[in-house]
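Input: one structure, supplied below.
The chains carry the letters A, B and C, assigned in the order they are written, with residues numbered from 1 in each.
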């Protein structure tokens, strides 16, 4: 590959300059970066809501925030964290990393990828705007009927919430399909399924979970909207409907949802542990089987959210057994990671520190989850602060800590600079201490009888001291994130430049510059092991990289390989930048928001959507890569 | 890159399109079918869930009339023949067959939508009367929506096949569209059995 | 921060529950006072000990993995992998074994929650944001209604039928048993067999709207004689107004909006929209626990129901302060 070819490659893959380029890019790295930044902004906003709630709960009978506003706050906090932060950010990290780990130049369906970002952004803006205008959701992130029906939740609050779900699920499903297609067709030659990085495996299983779970919540929320707007009776017991139908449909999605959030983190941990232990993961095959088993089992647990609903006890017991069973694959993974660290040569850099934090917190949360799986015990602690403690331990410990480790791990690759280790350590310890101070006492609060979703509580039940501790802890957590922002801003301004391979990682993402050029790889890398950049199992870096020539550089093109064995199959043109994903997303937003107020919005609004999507698909002269002609 | 690259092969001779599992578009259609299929499975699940709460099914109503619905399914099954052929012709890149085949598929699809319109008009329970009415309408509207999108896709492809240069990639799009039409027809047949025959077989 | 600091922090956090043992309220599930809550408590104790042991073992293994002394030059790499594979298998067997133990213990405890035949039948209907409590009987004249309170006889099994008047609520008295939801269109039930007399507190445990936080249930377990006496008092109609002020108050009650929502047995007020007030003044709290049962609190409530419990369903009935005092005289006499 000579300089002229590289230049041609750069021209083919370049974006248009300036704002137009920013709005029309289909580069998976640029789209993923804005996804990650946007998700963190929503995270901080939802976090501020939590700080306000904890202020209100610091003392009994406080009157800082009234019940209506408080109920909106916890509803938006949960909804934003789950729908606007946790799932999108995990998908976004995958959108960035998976093509790089596979050795390809872009994600499959790049325009759909850009479209999904805009849909996600507009949905998130809509729901926060609704909150500011006092029409925010008020029935929790779970929206149980009949509380969320038009009888008990009048006005448009719940309609905005249900439609926000539609926005985020469309975006999430698009990314899931892109990831499956990329993983099944765009792997580097020689990267058989048995040689894929564990992060890629975790994203494959996660994407399949998304595909099978998200339709359930889309159905549930659509039925809720039609109940509220056009008089259907899905959830109305008086006309043959059933409030429990909502719970079944919601939790059929809701339980896999938490694994959709958690499983990418498992992949991140494998990458970090492998790199910092300086040996290949022990037990690759059991690890893959554990991921797949988790993906299947996740769909068989949902009734454990409904143990108090009065379903037949024998059925409930089945779900106890299933819910306990899913601890087995997690246990296998924990063993394999610890075994890898024990038999490797660990280096305690900040990413690994966050992984250690994961162990301390997630195992605790997982064990409280095993407790919750027991029907009789759940009947005491369901809907109390014990559950709040549990899910924050598994979500923050099990997903956020690995994510933060991933940020420190991959920031050099994404931004081309190294974050400060010192500030990272401070952030870690502040977060670890603040988190435990906030959430550990909540286990006890639940056992002492404090229910969830209460805007205040009386004095004299033994809850006061723990609530105060918890509120103080929340502000310590906030401080740790201030530190993180400081670290990021300082690094972007004047941080040290990062090499291609800052941590001597084994996967292909480190075979290119930091940050990677628009085309990712100058030539298609070929692999023959699970750790292409390590010459042996002792993490000795490879001196050279085998590549395949022949993919065109005068237009955007990638190499596709067979789904299982990754043998080269055919070349495939990739789209150029396009404004149609943005136009389509705007048109879709109009449909979604209009239909909150008038069901005919679906019909009339569909027309601009159809026009925009047809223009998107229509071959144009301005698109040389797709053979654009008159 | 800091590592040296060693060229071990050349793929310039490979084609730049494909049909089936080494086509990105194929996986897209597969993903969409899985998503919509799961939606149908869950909606059918909701149908039977609501059924088990009732003593009489349909509650306070006769089973839905068979006429137009049966015509829709029969026409759909018949359309599978030209649909399958269009898919094969697209793989063989036989342009004229593809062009006329797509026009035929669009016409068949439009006719089916007309039948579906009569079917909905003849439905004997409204969506806002009972939960039964709501779920039956939900199933039919969901399926109709997907039928409309596929007929529209076929129309766009038909226009493209007549007006634009059809290379291997575009023939692959036609083949993918044919695959999706299989899904439309067979999911429609399944829903027909659920909606129209569950009340008669119970 | 060092490993030492981390250890200190962990010890502090572990000490919290021990400190908390001293302060336990009437809503605690850890002071199990009935067969059902005791069965649950046994499962809790089992799981707490076993899970704590597993946690300590995993963290210890992790610490050992990171900080164990390695022979400097030798690169172990994957030489130990076959041994580790056997250890993994053993770990899986251990985990499956412990989980099976948990499943069995849970199953048996769950059966105990549903076992027993009812000596007493009570129907609770949850509404936004109060509890309608009806003591049932085969003889209609032995039935009575009260609100936001539950009195139970010790050593007898009460079956509480659970209905909802609007949205999903959850009936939960932690000291006595686990919770059960009240769902419109469904009839659930919970069995309570209290073993220790005393006062307990319950609270709605399923988010039900604006005042979910203030929907408490005042529970007392009495011995047989005490319960019989309480029941007899409840069965009796409302005491007649004791003086002219109270009489005037009763007339105000029956003549104004009060009687359109509240029933007082023995008078013409028979509406079941709002809580039954027949023996209002014998209760310990007002508005499902939002206020204590005292004249000042009741006065404030009548003057502005929205102040203590914003969003609740009771409208403000305009009364001038003198009439309000007369009404209070009447209401405070409803023992």
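Just so it is clear, contacts are C-beta pairs under 8 Å (C-beta built on N, C-alpha and C of every residue); 3 or more make two chains touch, one makes a residue touch a chain.
As the structure is a prediction and not an experimental result, all values here were calculated from the model.
Relative to the centroid of every protein C-alpha atom shown, the closest chain centre, again from C-alpha atoms, is found for A. Of all chains, the one whose CA centroid is most distant from that of chain A is C. The distance from the centre of chain A to the centre of chain C, with each centre set as the mean of the Cα atoms, comes to 36 Å. Centre-to-centre separation between chain B and chain C, using Cα means, comes to 52 Å.
Computed from the mean C-alpha positions, the centre of chain A lies at a distance of 30 Å from the centre of chain B.
Looking at chain A, residues 242 sit in touch with two or more other chains.
Residues 1-18, 21-24, 27-28, 31-32, 34-36, 38-39, 42-43, 46, 49-50, 53-54, 59, 127-135, 137-138, 152, 156, 160, 164-165, 167, 169-170 of chain B touch chain A in their complex. Interface residues of chain A facing chain B in the complex, by the touch rule stated above, are 1, 108-109, 173, 176-177, 180-181, 184-186, 189, 211-212, 214-216, 218-219, 222-223, 226-227, 230-234, 236, 239-242, 245, 248-249, 252, 499-501, 511-513, 522-524, 526, 533, 542-552, 557, 559-563, 568-573, 610, 614, 617-619, 626-627, 629. Contact residues of chain C toward chain A in the complex are 1, 5-6, 9, 13, 16-17, 20, 23-30, 37, 39-40, 43-44, 47-48, 51, 54-55, 58-59, 61-62, 64-66, 68, 70, 75-78, 80-81, 84-85, 87-88, 91-92, 95-96, 99, 102-103, 105-107, 109-111, 113-114, 128, 162, 166-168, 170, 172, 174, 177-181, 183-186, 188-189, 201, 203-214, 289, 310-311. Across the complex, chain C is touched by residues 66-68, 71, 139-140, 144, 146-147, 151-152, 237-238, 242-244, 279-280, 282-283, 286, 308-310, 313, 316-317, 320-321, 324-325, 327-328, 331-332, 334-336, 338-339, 341-343, 345-346, 348, 356, 359-360, 363-364, 367-368, 370-371, 373-384, 425, 429, 432-433, 436-437, 440-441, 444, 447-458, 460-463, 465-466, 469, 537-538 of chain A.
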